[in-house]
Amino acid sequence: MGCSVEEVTAAVRVAAEKVIEHRDELVELDRVIGDGDHGENLHRGFTAVVAKLDGGGFDSPAAVLKVTATTLISTVGGAAGPLYGTAFLRAATALGDVSEVDGRMAATALEAALEGVVARGKAAPGDKTMVDALTPAVAAARSTVDAGIADVLMAAADAAAAGAAATVPLVARKGRASYLGERSAGHLDPGARSTAVLLRALADAASRTQRQ
Amino acid sequence: MGCSVEEVTAAVRVAAEKVIEHRDELVELDRVIGDGDHGENLHRGFTAVVAKLDGGGFDSPAAVLKVTATTLISTVGGAAGPLYGTAFLRAATALGDVSEVDGRMAATALEAALEGVVARGKAAPGDKTMVDALTPAVAAARSTVDAGIADVLMAAADAAAAGAAATVPLVARKGRASYLGERSAGHLDPGARSTAVLLRALADAASRTQRQ
Amino acid sequence: MKKIINDPAAVVAEALRGMAAAHPDLLTVRTDPAAILRADAPVAGRVAIVSGGGSGHEPLHGGFVGRGMLHAACPGPVFTSPTPDQVQAAIEAVHGGAGVLLIVKNYTGDVLNFETAAEFAMAEGIDVRTVLVDDDVAVKDSLYTAGRRGVGGTLLVEKIVGAAAERGADLDTCERLAQRVVAGTRSLGMALTACTVPHVGEPSFTLADDEMEIGIGIHGEPGRERLPLEPADGIVRRLVDAITEDLSFKRVLLFTNSMGGTPQLELYLAHGIAERLLAERGITVERRLVGPYVTSLEMQGMSLTLCGLDDELIDLWDAPVHTAALRWGC
Amino acid sequence: MKKIINDPAAVVAEALRGMAAAHPDLLTVRTDPAAILRADAPVAGRVAIVSGGGSGHEPLHGGFVGRGMLHAACPGPVFTSPTPDQVQAAIEAVHGGAGVLLIVKNYTGDVLNFETAAEFAMAEGIDVRTVLVDDDVAVKDSLYTAGRRGVGGTLLVEKIVGAAAERGADLDTCERLAQRVVAGTRSLGMALTACTVPHVGEPSFTLADDEMEIGIGIHGEPGRERLPLEPADGIVRRLVDAITEDLSFKRVLLFTNSMGGTPQLELYLAHGIAERLLAERGITVERRLVGPYVTSLEMQGMSLTLCGLDDELIDLWDAPVHTAALRWGC
């Protein structure tokens, strides 16, 4: 059993609300090694996403992810806007016109999202970016692919959280934190953190619907 | 016995050095109810006066006061420059070509100085300006006029100190402090303070030479 | 004190050296006594417009020296008026035979020093007139103060009279014109933070994080009223109200000025509010100027100036000007 | 946080309203998506020059929209690049049939968003080229960073290419010219204090009273090196040394820029030192610009930019320009 279009909509909305809740934390993380806008940027973008989802009328999970993508692209700006926008767009494309998302499809969509982020941002693992949360998340999802979507996303969320935490000692080589050189070490990457927040919220939403 | 041209030169030099020493105090007083430059202005001016006095070659006490006046006018700026410049100039004029300054002449010179300051600045007693130090100084000098110059100046210095101290509760009605209105009350007027410092130094110098 | 300076006592002299280097074709910068002169001064047959005052208000006044504005500016030490010698030397350097108009901000120090200079210059046979600018509504103009201060409006007087002099207006005309602009101009400023005078080394006053000062002077003097910090709408309304209560206006130039440390973003924001409030009061904004023009070192804050306009004043405002800080039409 | 603002989230929108009010003849200001356009755009048959980026650097970029410089500027939120839609709308609004050149500061966010906009616009049949400005020598240009940042030099690229476009240069020529200016331009900045982003509410970083930050970015990012505060001579020497070690210069434009909160007095002082140091190194300063042009809100600090000049570039620099912040020759 997978997630219906209604369940996907609800999950993305929950994820959006979680990111909105984490605004100040993300601002603070970015203030220290960046320019302090990551939380504000995502707050603006995901607030717009929630408004779009309220409009409803989506005929497939892919349609939900696509409107999320285009809304993020047109409202977030900064590095995170095009990167998260591409991630959701590629995930939507990977889903095609299925009407339910199962564990395997979720893993495939996550993998497409990661490929999109790397294609646009050219970051490698270890560069201290959201890629450091997404890469282990994709690997974890792939290895639990035969489980239900809730378990796949839970594995991805756990891995993303660990991956984000592991950015702390890294010296940034991409994004604004790279200007700091060695001084970027010792701090959590804001984009890796927001990726972990997003995946955790999606996983929680999926477990709730799948447990019902 | 009065002060010779050498003694007047020495006294003005001592007075100049005293004002220079009080730079920071006068800056601080002016910072609170003015624009913080009174000490710096007089420091610049009296440093130039000392340099001029070093040149020597003065043939009368009036010549010493006159070079002090023109040096102050051309180096101090601000309100205090023209006011102190005028004060020394009028004092010089009052002395005429005498070669020694006695108590009576000192009182006359002080009175001329006060008249000059009032003519230029139009301040009345109680307006919280240097006039509040000079006015009682002139009165005290006038009432001890038959004593020696040291006593006359000492009386003037004591009265100036008291007059300056009495500016604290006043609300300023002239100069920059007047912009503060009621908020100028509770603070010592920087110009009254510098007048008191000058007169004290002149009196001390005169007592030293007269006692010898 | 955090400043990009060397010796606090040499700040003005060193800044003048940089200014000379920056504008070699436009300005002649003299030291000892210090003066910033139009490169082509004296301009024969034209009234020479001379201003000056303490430094620390840049670009006022040196940034306004050039074609169509000032012939000379006399920079004193920071926040201290120049000396008579200095002003006199500038007068003599730019006098072109048609007399000299001194534009003086109404502060005791400035008035006394320019007054003395004018006396000396007149003794040399130069016709010198003085116009005092006193546009600051923060100070009650009464027998019991030194009178209203000259602040932002000074720039407008300099521009308008400078244009008239450039066109050949005679000394009487320039003097009357300056008086007319002064009579029709009012300003009010406010500060969020104090500035630090280099030779003092600490802030001129202290404001708590939730306080602002209304009626601030441009010399780091505290203002008349300390109030809780308000949103921009409230701040601008206070300034507009006080100015329009002091004088009634119909057609105006609106000058939104930064005290130095307030960024353009905030200044444009404030300007937009001022335009809206004036429109509500039926006042027509015909010309505007927005920027850090009459400053108080790094002070954060702003001032508004309204200058009543008629067709003649508009024409003079629009006339070509070529200075370091204000330039158009050429 | 002490600022003249209302709602931190509305700062840019409100500032744009004020900017529109301040320059009615010069600019058309659009909201949703936000864009500052030349009032006479699109200019038929001319290459349209479009730039933009996060707000908070005013007058960059909106202050440089007008004849002889930018056709459009896209202001993002404070320190956040604009979105692709926004840039695409601006491109379409000013495209005059001869193609569009995007001048983009080299930051990941700006690059990605402008890139996406360019793709969309090209899909609509508009020839769009992009030039990245990366003049900041503070950042080592290597595989291990996002590459050098675009800072003060951006203004120079905009002015020079804007002049060429105004004269009718085609898109290829404009693109090559921009690349040539970028290749010959280097900058370095420093800060005495941090700025406060309105939606953050506290300073971007903290510097002790006796510290300065060398290699500061214009987004409130800390720089590369924190050092004890030095006199102006030492500060300026550090900047000049780093720039001239990175690239060798003969004839230059020297641009002494305030980060926003540093007063003119200090800026001219620093400029004078830079002129002296360049003369000592045999570098000829042919043109200069001194002022707060590429800022970081109210940050105190400065940057120096050197741009190699030849007769062609001088001619384009001198060409008439009429924008809110830079104006000459008309």
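When the chains are written out, they are named A, B, C and D in that same order, and each has its own residue count from 1.
In this section, contacts are C-beta pairs under 8 Å (C-beta built on N, C-alpha and C of every residue); 3 or more make two chains touch, one makes a residue touch a chain.
Molecules present, by chain and UniProt name: A, B = Dihydroxyacetone kinase subunit DhaL; C, D = Dihydroxyacetone kinase subunit DhaK.
Just so it is clear, the model here is predicted, and its values are computed rather than measured.
Common neighbours of chain B and chain C: there are none.
Chain centres here are C-alpha means, and the one lying farthest from chain D is B. The distance from the centre of chain A to the centre of chain C, with each centre set as the mean of the Cα atoms, comes to 55 Å. Put simply, the C-alpha centre of chain A and that of chain B have 76 angstrom between them.
Look at where the CA atoms of chain C average out and do the same for chain D: the two points lie 29 Å apart. Across the assembly, chain D contributes residues 78 that each touch 2 or more other chains.
For chain B, the set of residues that touch two or more other chains is empty.
Here chain C touches chain B in the complex through residues 33, 54, 76-86, 107-109, 112-113, 115-116, 138-140, 144-146, 149, 197, 199-200, 202, 204-205, 217, 219-224, going by the rule given at the top. Those residues of chain A that touch chain D in the shared complex are 27, 31, 34-37, 40-41, 44, 73-83, 120-121, 173-176, 178-181, 183.
Considering their complex, residues 2-7, 11-12, 14-22, 55-56, 58-59, 63, 78, 192-193, 209, 212, 229, 231-233, 235-236, 256, 260-273, 275, 285, 288, 290, 292, 295, 297-298, 300-302, 327-330 of chain C touch chain D.
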